[in-house]
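Next, two complexes with chain A in common: one pairs it with chain B, the other with chain C.
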Partner chain A sequence: MVGKNCFAIASDRRLGVQLQTIATDFQRVFKIHDKLYIGLSGLATDAQTLWVFRILDSFWYQRLVFRHKLYQLREERDMKPETFASLVSALLYEKRFGPYFCQPVIAGLGDNDEPFICTMDCIGAKELAKDFVVSGTASESLYGACESMYKPNMEPEELFETISQALQASVDRDCLSGWGGYVLIV
Partner chain B sequence: MECVLGVVGRDFAVVAADTSAVQSILVHKTDEDKVMVLDSHKLMGASGEPGDRVQFTEFIQKNLHLYQFRNTIPLSTAAAANFTRGELATALRKNPYMVNIILGGYDKDVGASLYYIDYIATLHKIDKGAFGYGSYFCLSLMDKLYHPDMTVEEAVDLVDKCIKEIRLRLVVAPQNFVIKIVDKDGAREYARRELVGHNAPVEAATTVAA
Partner chain C sequence: MTGSMDLPAKGGFSFDLCRRNNMLEKNGLKLPGFRKTGTTIVGLVFQDGVVLGADTRATEGPIVADKNCEKIHFMAPNIYCCGAGTAADTEAVTDMVSSQLQLHRYATGHESRVVTALTLLKSHLFRYQGHVSAALVLGGVDCTGPHLHTVYPHGSTDTLPFATMGSGSLAAMSVFESKYKEGLTREEGIQLVSDAICAGIFNDLGSGSNVDVCVITKGKTEYLRNHQLPNPRTYASSKGYSFTKGQTEVLSTKITPLKQKVEVTGGGDAMEE
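Presenting the complex of A and B:
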């Protein structure tokens, strides 16, 4: 969710296998750099593989953090959120006919601390938004909750309240989501 | 009907598994050890496809040993868990290993830790966990009875309660179990719980599940 020169990214904490809950402290929001975060909903193993490493046929290892660090070394600056979103989109589309079952949500602060958010499907179709983006099993609920609770230009404290309430309301109606939430404000 | 379970206590981890080797309706043996000692301070309890289980756990064990030979220091539990996940993830979209793993270990700096690694390479650090149909009975028992910093007696008592529940409530339940422990003194077998087979107590044949 976008606020005034800030953004918030939140996820629930459940790790489950269909009806069985395995853990209630699973984190699916990962830091790329201080002003760029990616949340990966969907299959936990693919979220971990995308975060950790990916092997091509030619056995090159690529990581999202690794790719960003390499970029940092070459360009001597952090990646812009828009650039990173394009990177993730390309990475996912490479597996078009054997995809990673993940729906990323990317949130970052670009030039002049301008907030940037986007989501994409599991084969990398980017969807930019000016207000909020959602993904996961409770995405329909989340759309409804965010739409009704969102206001433009919220300050960080109010943004935190809004995103937390929207998350809790939505996941409470979805049996596969829940067990608390992580909320990050930047 | 295989079960593997694990619990973390105060500076130790317990990994237990059933010891049945079953194919269709036949029980080949009742003393198959499914908790492999990976190195001096790591235990890997595995369940799943029998061939994959043995091949994969031995593969991990030998690679850990190779690392230790090359680098003169052993891998930490977290590193071993991530290595295992990496191997499973690599094989996942080619030739998947159908093996579910509870990996327990002790490191001097971190203490005891337990990792849940399922067959599609989901990795998560846990305090208590279980795989198999037995998990439907064990996980809620553990949620109720587990507390942090348990002593060895308390943890083994919890495992025994889980075993008792599996024996009682799971259809075609495995009867025999092995319990292994890893702490600062190393990884070793702690106990066997046997109701059938050569080593079972004589009264077991006439006793209801203990």
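Presenting the complex of A and C:
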């Protein structure tokens, strides 16, 4: 979610296999650099998933950290969020006919601390937004909650409250998500 | 999963996860749905050039994923392309052909021709036999005049004076068939395109939100983003939700101040040979 010169990225903490919970403190939002974070939701549909592959795809972020470090070495600076979004989109589209099962949410501060957020489907179709982006099993209720609770130009503290309430409200209505949330505000 | 991470891949599609995914599908995993653009895209030729139009809704199954996405993609300063179908495919294909056109411009030194873009698109789509699901309306003005083409996902193309594609194409085509005539002026062209897109927006469930229009004439292109906003959001309460601080129960907080990057400026000593 975008606020005034800041952004917040939040995820729930449950890791599960079908209806069984494996962990209640699973970290899904990963840091690329100080001002750029990516959240990876392994999309579980109504069918059952093999949890090994779902976790492996969530750890796909290590590949992204590797690419970012290469970029930092060559360019001697951090990647801009827009550039990183294009990188993730290209990496996902490369696997167009055998995709990774993850939907990333990217949030960062660009030039002049302009907040940038975007989400993608599992083959890399970027969706930029000025207000909020959502992904995951509870995405339909997240759309609804964020749509009603979002206000433009929120200060960080109010942004924190809003994104937490939206996340909690939505995961309460989804069996496959829950156990609280991690919220990162930059 | 690990594979060879030494070098970034050379380009093109990589199929190494296909076997794994097939195995997962046999075990009951359903592939996550792709974002489609469920669209109305149109184009028409008027007396001085080409007008392209598109709606702005991106859907993911029955849910609207993006209420204001851009479906008119840049190919060259004088060529634009509207895309319908799977969103990732239309974006990737138009970006790729756009860069190929730029390289071609550098090599030849001339303005790109619409048929060049058309051939690049159709050969790419035919090579993938329709699996790259991108249906495009390509329009532009080059030294040979204004051109409008449609490209289908399997690689076939049509050259037409007015064209519609996408789920709302029938609604838009009905407007075109009744009102199109040769030699339209710019204002009439824009009005007709907006009417056709609005017909798609209001009558097709997969299209919605706003109207984007792009007018291409010889030497000038105007991209009218959100030319019409027929679906303003009127139902938001003016007060909105306001949450007082402390309403959310916090288990733990960690605050990390970001290190400031210090730029060292000032003349350094010139390197001595």
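Criterion: the second predicted complex is superposed on the first by the 166 of 186 C-alpha atoms of A that agree within 3 Å, B and C clash if a C-alpha of one lies under 4 Å from a C-alpha of the other, contacts with A are read in each partner's own complex, and residues count from 1 in each chain.
The working rule: a residue touches a chain if its C-beta (ideal position, glycine included) is under 8 Å from a C-beta of that chain, and two chains touch if they have at least 3 such contacts.
Remember, predicted model here, so these are calculated numbers, not experimental data.
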For chain A, which side has the bigger count of touched residues, chain B or chain C? C
Does chain B (first) or chain C (second) touch A:Y143, or do both, or does neither? second
Regarding the shared-chain residue A:H68, is it in contact with chain B (first), chain C (second), both, or neither? neither
Using the touch definition from the top, say if A:G98 reaches chain B (first), chain C (second), both or neither. both
Quick one: classify A:R28 as touching chain B (first), chain C (second), both or neither. neither
Once chain A of both complexes is superposed, is A:G124 in touch with chain B (first), chain C (second), both, or neither? second
Return first, second, both or neither, reflecting whether A:V17 touches chain B, chain C, both chains, or no partner chain. first
Footprint intersection on chain A (chain B / chain C) at 43, 45, 48-49, 53, 98
Sites on chain A touched by chain B in the complex: 15, 17, 20, 22-23, 26, 43-45, 48-49, 52-53, 55, 98
What does chain B use to touch chain A in their complex? 82, 85-86, 89-90, 92-93, 116, 118, 120-124, 126, 129, 135-136, 139
Interface with chain A, chain C side, in the complex: residues 1, 5, 8-9, 12-21, 24, 27-35, 58, 60, 63-66, 69, 86-89, 91-92, 131-132, 236, 240-245, 247-248, 251, 258-259
Residue ranges of chain A in contact with chain C within the complex: 34-35, 43, 45-50, 53, 56, 63, 66-67, 70, 89, 92-101, 103, 120-127, 129, 139-140, 143, 148-149, 151, 157-158, 160-162, 164-165, 168, 180, 186
